[in-house]
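Across the two complexes that follow, chain A remains constant while its partner is chain B and subsequently chain C.
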Partner chain A sequence: MPITKHSRLVASTIAVVLGATSLVACGSSDDDKSASSSGPATLTFWTWAPGMDKVVDLWNKGPGKQQQITVEVKKQASGDSLITKILTAHKAKKAPDLVQAEYQALPTLVSNDALADIATESKDAKSKFAEGVWQQTTLGTDAVYAIPQDIGPMMFYYRADLFKKYGLAVPTTWEQFAETARALKKKAPDKALTTFSANDSGLFAGLAQQAGAKWWTSSGDKWKVGIDDAATRKVADFWGGLVKEGAIDNQPMYQPAWNKALNTGKEIAWVSAVWAPGTLTTAAPQTKGKWAMAPLPQWSAGENVTGSWGGSSTAVTTDSPHKAAAAKFAAWLNTDPQAVAALAKESGIYPASTSAQTSDAFAQPPAFFSNQSDFYTKASEIAKTTAPSAWGPNVNVAYTSFNDAFGAAAKNKSDFGAALKTMQDATVADLKKQGFGVAQ
Partner chain B sequence: MTSARRKPYGVKGAPYGFLLPAAVLFVLFFALPIGYAVWLSLHKVQVKGLGLGAGARQEVWAGLRNYTDALTDSELVDGALRVAGYGAIVVPVMLGLALVFALMLDTEKVRLAPVTRLAIFLPYAIPGVVAALLWGFLYLPDVSPFFYVLDKLGLPQPDLLDGGPLYLALSNIAVWGGTGFNMIVIYTSLQAIPAEVREAAKLDGATPLQTALRIKIPMVAPSLVLTFFFSIIATLQVFSEPTTLKPLTNSVSTTWSPLMKVYRDAFNTGDIYAAAAEAVIIAVATLVLSFGFLRAANSRTKQEEAR
Partner chain C sequence: MSSLAVRKAAPAAGTTPGTAQGPPQGSRIALVPTLTLLLGALYCLLPVAWVAIAATKSGRELFSTFTFLPGTGFTQNIRDLAAYREGIYWKWMGNSALYAGLGALLSTGVSAISGYALAVYRFRGRETIFSILMAGVLMPPVILAIPQYLLLAKADLTDSYASVLLPLVLSPYGVYLARIYAAAAVPGDVVEAGRMDGAGEWRIFTRVALPMMVPGLVTVFLFQFVAVWNNFLLPYIMLSDDEKFPITLGLYTLLEQGSNTPALYTLVITGALLAIVPLIALFLVIQRFWSLDLLSGAVKS
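Right after this comes the complex of A and B.
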């Protein structure tokens, strides 16, 4: 074969291999912005919430029209890749004006100088949110980097009919939770109370948060990583113990086998958050009306704390030439009663705004939980007990490490403590590598 | 004639003029991105203190740090070993099957050859991600019809998404999807064998098996080299199958194959500098392996010719 053909083949190989990298190199160039900061403004909004365009229409036809601020929705995929996309666009100084961001991603975005401080524009908004929720958008500083949109207070979901059938009581402490799991295994060995899944780090983070863990704290100009702290270790050992003795399942969530287990009653409970009805509707359609929701089990009887899993905020980027206008929209979207009601209806979110949680939009329980008429009253009470969270600038690294380390530990039914150590070490090593100040 | 009156450089310049579009495209979409990746791989971020606020994060020169980090990273090395194990199953099985199928289709007494050829080729038309999803469902005991049958028959049900069987499960997807393509390549070059050669072999009393082993296989050796070459490259780049199976099991980590680690570093942990360095290393490894193989194959052919 002639040598030129080989080299072309090899060259195209390199092209394919480097494809991922060159994608990173392309910034978004579809949103041209004018340099002026006053007068009519058109804002671009990156969000993954379904139906957000309908909510934004309300703005564009109402307050937005009066103030000559038009918002355009650009639908995005949720998750870590969106953060990468925002940061890449920011590198080219072309980030959109507004972005939807999960709370745990805010420190990463702020440390890349991608988010603008909107403290002055959002003064009035602060009172609409619970203290613990608001604190996540300030990162403990005087600045405000986002307006809370939705929250995910954690709860315990269980099959009311099957709990009755097997004579199980709803656990109020984790001790009882373990006993319930063992009792069920004894009565029906082919069933399991629930599973420990390692494919969504948010669940474990929320459970640790409930136990009082503070994964990232700062003092002076140093970060302290507490992933391997006593509270988290307690949570890890608890779940690791249950997996090891076979009291609960160890298959990952969100895959066909898991759906089937929920749908057929092979798994009869799920530690989840306020958004669970939506997930259950698609994962276990045949169990409609058979579930009930209760507060999360507690570490000691009489306590009343929950963690949060999920939830996001609306932030203004430093690249926006219309920061004040963007902040106005962000505040309207998440505090205006009409806007929040539309968000709840169109996007199916559970609002962060406390008054919205008890508004008419939440008078009826979700259709899947039609049997539990006080679903949202209970949810709003549980939301008030959310423990403060502590996010740092490399949550993504910790989360990825969790997926791998706990995935392997759950599979091998090995020591979860060792997996937790791996997660701690990977997080600290990454901070050091990037040059952050790290306290030991 | 008009051409005679043209100035000499006009004629000389013409090829370059024709080359220009290709050259511009090459530079824009090929050389530049590669250059940028190399540039990225030699840099890193440097954060000060808590890293909050403007100007706390800078891009600084890193030298070969990203490369030494990647090469001493046990995950990348383990990933390479996993892929080597996977390739050791995929390449021989896939090419072996492709060759056998091609030879069988090439024999004189085969019936329904076009239909069979199409049936074997068809899986290649199914996108890799779809194939991986399809097989993934079949590997899951709770939703797989195979496991249902095994269960009814009271036979043991292996966990196909763990340990050693995971390699077989992944290899199976690649073999299922790739055999058809390789078979067509080999079959096409079998068809190009002159009829007189076949006739001569027949007249000399060679059995179909002898013809296949002594005549056909040596004559399609260049195609075998080519398919081997393609398969090696595809193996080194394995990404979509393990990525698609990952959500179904705890056994596939985010760094199962080297390319998955590149993806993770670029898009999950946001370290594009490390990802760029790893991409360059994989590209160089691919280059060295493929060229090494081609050189070895070529020198062998030359030796045989000299004999």
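Right after this comes the complex of A and C.
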């Protein structure tokens, strides 16, 4: 699951400890490592994608064998704690050659000088990805810090059977979404359209992204934090209003109670991303074949934008003695048709590469959505409409603050605007504490 | 300490010392403490019961049936766990046993020697060393994990079995316990007598003192074993190869599979249940010997 208590605990523990040791360990660094060398190379790859070892086997037996580049997979647990682990290893100059990293983690890694610029090696790869996706790996510079692997365009999932039963239409705007929620409450007071959950910040970030928010922007050497901007405030007020009037539920996702609500049809819709079928398979096994997917409701009719929730990339570290070889592998893994097809099959990812999204691997809908035969055709169309995202070097702090402030606000049905202000202030304060310049 | 005598006289009888003697008027007053203890026991045992029952549920039943209603998927869960990535779970179990077993054994050995030396020999700086050790006892090991990582990285030892074992060898708490125990259980006269008879210091330690210290060392061993078995942060930082992961880390990777893959809850729950079995077995085997002799050791001097 995206960000859970475990990973937060681990991450914060390590962060505290790292902070303490940086006092001890400062001042000793010799950056000069032998420059990239050609010839036989063995690369280590930290990744959490299940089945990645099988995909890498294809490389080791095929192109890798010809070029004498062997890749070893070391499976890791995903989440914020992995970023801290990479940074710890980087401190000792022992980071692996390749790492899997979520898009929102890239600025953190780059600002710690952990990721290598692979712009020259990845020239050919650029054309394989949508503009908005590629832009996340460049951070708005001329450098390229990673190759996109998978993406999570957001969509609206609903119980087709129950929508029919209660005579509800699929909302195309957020206005209609609110009306639908109220209409359902009137017809079946014990049910709710969906819930506002504050335990996964990725969801809220994606919704804000759809509304046009830019949480982090940099100008010169200063960061500007726009968490409390007009677009995000619109999103926060919208959901806060629905929670307050009781039109939707306020219980967190991924909890047994939430699973049960989905499984028994107490909640009949979910704003989620392309990977939702997998989650629903385990959370609500009894509702197989009863769901349908539609584009996310829009802020104004006729618009066509979505946000993204999740997704990750493959990056090369500055500690790697074989940067060119590593970049070659990263490009192969995420653009080669055979590799991406294997990734889809073994790891269950939704590829970032646009041609892969319509390949044979995605000809059939996911088993849980066997009733919606055009699931992946629709998905690839939605993916094209993903709004650009803007991540900064302390996303983890903003996310933690979101979990705390919005968690309390959702539970008490209090003002979401105040929670947003808390989140903005915490993020700015942390940036300053870390020594970044902050523009007001 | 008469209760101890009763227990020693009839260890197998299973009588509870508290009720066997003493005035009976306490039984009514004991209601509140008993209730408190019962609550405490519930608090400790409920989560265990939850894990045990949840492990019997299949993925379908896990979140949909009543929490304390046993499910039907226990054997299937174990089969799935054993089949997950060609049985890597057993490998993690073996790694945990190695880290905990060998680590606890090594650290018990070091604790025994140092504790004995601190208790028996008088030398300059002894109290200083002991004070530093005491400070070490108060220091949470979590704080040390990253400095230890940076140190071992300098020696090129990270991501190896040694990287997890080495930092465990010196356990301040173990040395502290061993010293206290040696001071109480090994009389100075006995050591003197050994010297009179012409035995070397090493011989006195291994042949005379060590057998006397065994009960205390069992305590040290058990404490260390449990601490290492449950350790998370140190191996998390040190290891990158999941073939070397202990069970705590392995189960964590099953939980955190990335946003597009749901967590393998049934496997994690079943894995967690199986992971406490060796600990329970270890305690059942050593427990009687352990608690009894810790008491008798404390009484002797």
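Methods note: the second predicted complex is superposed on the first by the 404 of 440 C-alpha atoms of A that agree within 3 Å, B and C clash if a C-alpha of one lies under 4 Å from a C-alpha of the other, contacts with A are read in each partner's own complex, and residues count from 1 in each chain.
The criterion applied here is as follows: a contact is a pair of C-beta atoms (placed from the backbone, for glycine too) under 8 Å apart; a residue touches a chain by one contact, two chains touch by 3 or more.
It should be emphasised that the depicted structure is a prediction, and the values quoted were computed from it without experimental measurement.
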item	value
Touched partner set for A:260, first chain B, second chain C, both or neither	both
Touched partner set for A:400, first chain B, second chain C, both or neither	first
Partner chain(s) touched by A:189 [first = chain B, second = chain C, both, neither]	neither
Partner chain(s) touched by A:167 [first = chain B, second = chain C, both, neither]	neither
Chain B versus chain C as contact partner of A:139, first or second or both or neither	first
Touching partner for A:302 - first (chain B), second (chain C), both, neither	neither
Chain C-contacting residues of chain A that also contact chain B	1, 6, 10, 13-14, 17-18, 20-21, 24-25, 81, 256, 260
Chain B contact footprint on chain A (complex, rising order)	1, 6, 9-11, 13-18, 20-22, 24-25, 80-81, 83-84, 87, 107-108, 110-113, 139, 141, 198-199, 218, 221-223, 250-252, 254-257, 260-261, 266, 318, 393-394, 396-397, 399-400, 403-404, 407-408, 410-411, 430, 433-437
Of all residues in chain B, those that touch chain A in their complex	30, 33-34, 36-37, 40, 44-57, 137, 140-143, 162, 222, 226, 229, 233, 237, 247-251, 253-255, 259, 262-264, 266-272, 275-276, 279-280, 282-283, 286-287, 290-291, 294
In the complex, chain C residues that touch chain A	59-60, 62-64, 67, 142-143, 145-147, 149-150, 153-154, 158, 232-233, 236-237, 240-242, 249, 252-253, 255-263, 265
Chain C contact footprint on chain A (complex, rising order)	1-2, 4, 6-7, 10, 13-14, 17-18, 20-21, 24-25, 44, 46, 48-50, 74-79, 81, 85, 88-89, 91-94, 96, 102, 150, 152, 202, 256, 259-260, 263-264, 273-275, 278-279, 281-283, 285-286, 309-312, 347-350
